[in-house]
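Below you'll find the structures, each written out as structure tokens.
Two complexes follow with chain A in common, the first pairing it with chain B and the second with chain C.
Coming up: the complex of A and B.
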């Protein structure tokens, strides 16, 4: 479905990604793991069009999408749920969800999806008229996920969905990610919490200083000694 | 007391146009982080376009006001496209210098096109004031007030109730995430600058017939617009509205009760006072809509 071939990108003269190649197949849940600054977020930002690749090729179903603006990427079915939630603090919860559906024109479909989000996240319904900035961290993460889903993506990219959440909420977020995949949406997820990410995913890529160091199924990477030493604190 | 009531009415008329000027300027700063030095010149442009349409082309007065506002929006869109878009990644100082240059070009262009002699815009309203109890107000000023408030309301509805308004507020708060939602940031910037410029041109078109039209009319008004915006808190739309009316009242009351000569000074005195006591402006950042 999504394929990166030798993609490099960066900020100014600093290259944050060096020739990254990876693939996400239809229906898969793929994790990107690695230390801070390994290029995980940069990978997602390059895919969603916030950064332009300097070299390499990004294709979606065989069509080149590298360097397209974010609007075009979203229109092709890739939603990006950014790191740090990034809800619009002074927009209401309902408006935040409407922002997620900005490119859609099917009023009835949008209304139906809004209802589905409220059914799935009852807290959001209770707070639909409230400014998103007044929600708790966990509620904001639910809102960010729901907002990304409002575009009806075929592929949804999560950047650190569990960051800064209490342990019980972390569980909940991963359950939601699992649910999303179960409904047929393909998932590409960046996670600091390598253990959880590897247990959750079908396949994973381990990034280090801007390139892919290792790849395999979640179980393979969990069993790999250097992954365990470097990212799982040695013991499982 | 009667005199106070009269000043209250005059201050409201003046405050309405100041509020238009203020929200136009603060909107541009809030969405684009651009300090728009051309704002006062757009005000003068609106007044000159009204003069041109009414006096030179002989068009209907009301049509001329609308035309001047639309031309102001077009000029704003052109400035955004030609000057600001290429400067998107430039630092704020360079952008400021470019905008100061543009303001000088606009002002000298006005001098060159219209000459230095002040112009009078004829208006269809009777010159005899309406008298209600102790208060008398010229019909033209009443018209200015009604249109200002209609524009303020219309602007608020646009921002609060429409998709483009929601996209503008989202861009105001987090441009990158707005882009991820599919917002065309360039488009929002053009629309923002055009609307901000249109509001300034509308204020000029409305006040042009009240006062006189001259090439330097934008100077003091541009300065006042900055004062209003800083008074209300940079980037705050409610703040700019409140600041606009506050400045209108202070100028009227101080002009009426203390000294007409120094009426402009009192406005700035108030601003110095408020900023000394509340440096973040009347409406602090966390309460800002946008």
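Coming up: the complex of A and C.
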């Protein structure tokens, strides 16, 4: 479905990705793991069009999408939940959700999806009129996920969905990610919590200083000695 | 409630010339009103997109020149032996020309400048206003340079039962400025509450996120710049037909600074901010003139400004209207 071939990208003169090649197949849950600065977020930013690749090819179902503006890439079915502050703090919960459906024109469909999001995340319905900045960290993450789903993506990319959340909420977020995949949406996820990410995913890529160091199924990487040493705190 | 308060405020201002028909008071309020319209337009850029345009007076000056030239007519060489001759046009057409010319330059500047933002945007806008001032000074054939455009006709309006009437009196000009200010306020409010406004708020809060949900950043910034420039051009036209003389000093940096002070002290990113800040800092110099010795006037003005910024950093209006955030 999504394929990166020899993609490099960077910020100004600093190269953050060096010839990264990876693939996400329809219906898969793929994780990108690696240390800080390995290029995980940059990979997602390049796919979603926030950064332009300097070399290489990005294709979605065989069509080149590298270098297209984010709007165009979203319209083709790739939604991105960026890292950092994930919601628009001054807009209400409802407006944040509406932002996710900005490119859609089917009013009835949007209203139906909004209702579906409220049914799935009842907290959001309770707080629909409230400014998103007043929600708790966990609620903001739910809102960010719901907003990304509002575009009805075929592929959804999460950047550190568990970052800064309490352990019980981390469990809940991973359950939601599993749910989303179960409904047929393909997922590409960047996660610092390598253990959890590897247990959750079908396949994973281990990035280091801008290139792919190792790839395989989640179980394979979990068993791989260098992954264990570097990211899972040695022998468990 | 606040809508009712707003209309009550407008009604009080509209009734003022009937209660206090003092020409000096009306002149002061009219000049302040013209700058408040400028501040309302600047607020759309500074307050809602977060971009500091330090060349905002450029649009004001463009509007003043466009309107003055359209109503006076001109005859200039445009190269290859061709001449561009424009006969004097009615003032309402000059007013429209001011909006269109200023809006057009707003579009151009927006397209060019929003590729670079932050400090670079500030520099480009400052240069833009300075370049226009130089053009106004040196293109004597069109602008009369430092000799200024003079004998600009006053604004004229069609009034039922009266036909076209020229607005010479202070109270007439006061009402005209008040009416345009209300229209500018309502237009900005409409923009801010629309899809564009939500996009701008989203952009200011988190640009990568805004782009990732599909907001066309440049598009919305340019739309805001065009509307903002158009309103500033309208203010410039009012200025030209009220003062009835336009010289290159309409591009002076200090006018931009005045508008920025009005927006920032009043509360940027709030609809009422530029109005409140504009009334305070637009009227203060004239109030001080009557009460303080000349050498103290600007010291008091400056001190007041510093105190406002120190104690009400978000502006007067946000301090009055406490909202949870």
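What we mean here is this: the second predicted complex is superposed on the first by the 234 of 236 C-alpha atoms of A that agree within 3 Å, B and C clash if a C-alpha of one lies under 4 Å from a C-alpha of the other, contacts with A are read in each partner's own complex, and residues count from 1 in each chain.
What we mean here is this: contacts are C-beta pairs under 8 Å (C-beta built on N, C-alpha and C of every residue); 3 or more make two chains touch, one makes a residue touch a chain.
Remember, predicted model here, so these are calculated numbers, not experimental data.
Trainee: Return fit or clash for chain B versus chain C, each positioned on chain A through the superposition.
Mentor: Because the two structures are overlaid on the shared chain, the partners are seen to clash.
Trainee: Of the two partners chain B and chain C, which one touches more residues belonging to chain A?
Mentor: If we count touched residues of chain A for both partners, the winner is C.
Trainee: So, A:80: does it touch chain B (first), chain C (second), both, or neither?
Mentor: In the superposed model, A:80 contacts both chain B and chain C.
Trainee: Could you tell me if A:50 is touching chain B, chain C, both of them or neither one (first, second, both, neither)?
Mentor: In the superposition, A:50 contacts both chain B and chain C.
Trainee: According to the stated criteria, A:18 is in contact with first (chain B), second (chain C), both, or neither; which is it?
Mentor: After superposing on A, A:18 lies clear of both chain B and chain C.
Trainee: After the superposition on A, what does A:71 contact: first (chain B), second (chain C), both or neither?
Mentor: Both: A:71 reaches chain B and chain C.
Trainee: According to the stated criteria, A:89 is in contact with first (chain B), second (chain C), both, or neither; which is it?
Mentor: After superposing on A, A:89 lies in contact with both chain B and chain C.
Trainee: When the two structures are overlaid on chain A, which partner does A:213 contact: first (chain B), second (chain C), both, or neither?
Mentor: neither
Trainee: Which holds for A:134: it touches chain B only (first), chain C only (second), both, or neither?
Mentor: A:134 sits against chain C, while chain B stays out of touch.
Trainee: Which positions of chain A sit in both the chain B and the chain C interface?
Mentor: Touching chain B in the first complex and chain C in the second, residues 48-50, 69-71, 74-75, 79-80, 82, 86, 88-91, 95, 98-100, 102-103, 147, 151 of chain A appear in both lists.
Trainee: Residues of chain B touching chain A in their complex?
Mentor: 163, 166-167, 169-170, 173-174, 176-184, 288-290
Trainee: Under the stated contact criterion, what part of chain C meets chain A in this complex?
Mentor: Counting only chain C, the residues touching chain A are 198, 201-202, 205-206, 208-216, 324-325.
Trainee: Help me check something: in the complex, which residues belonging to chain A touch chain C?
Mentor: 45, 48-50, 69-71, 74-75, 79-82, 84-91, 95, 98-100, 102-103, 131, 133-134, 147, 151
Trainee: Over in the complex, which chain A residues touch chain B? Could you list them?
Mentor: Interface residues on chain A, with respect to chain B: 48-50, 69-71, 74-75, 79-80, 82, 86, 88-91, 95, 98-100, 102-103, 147, 151.
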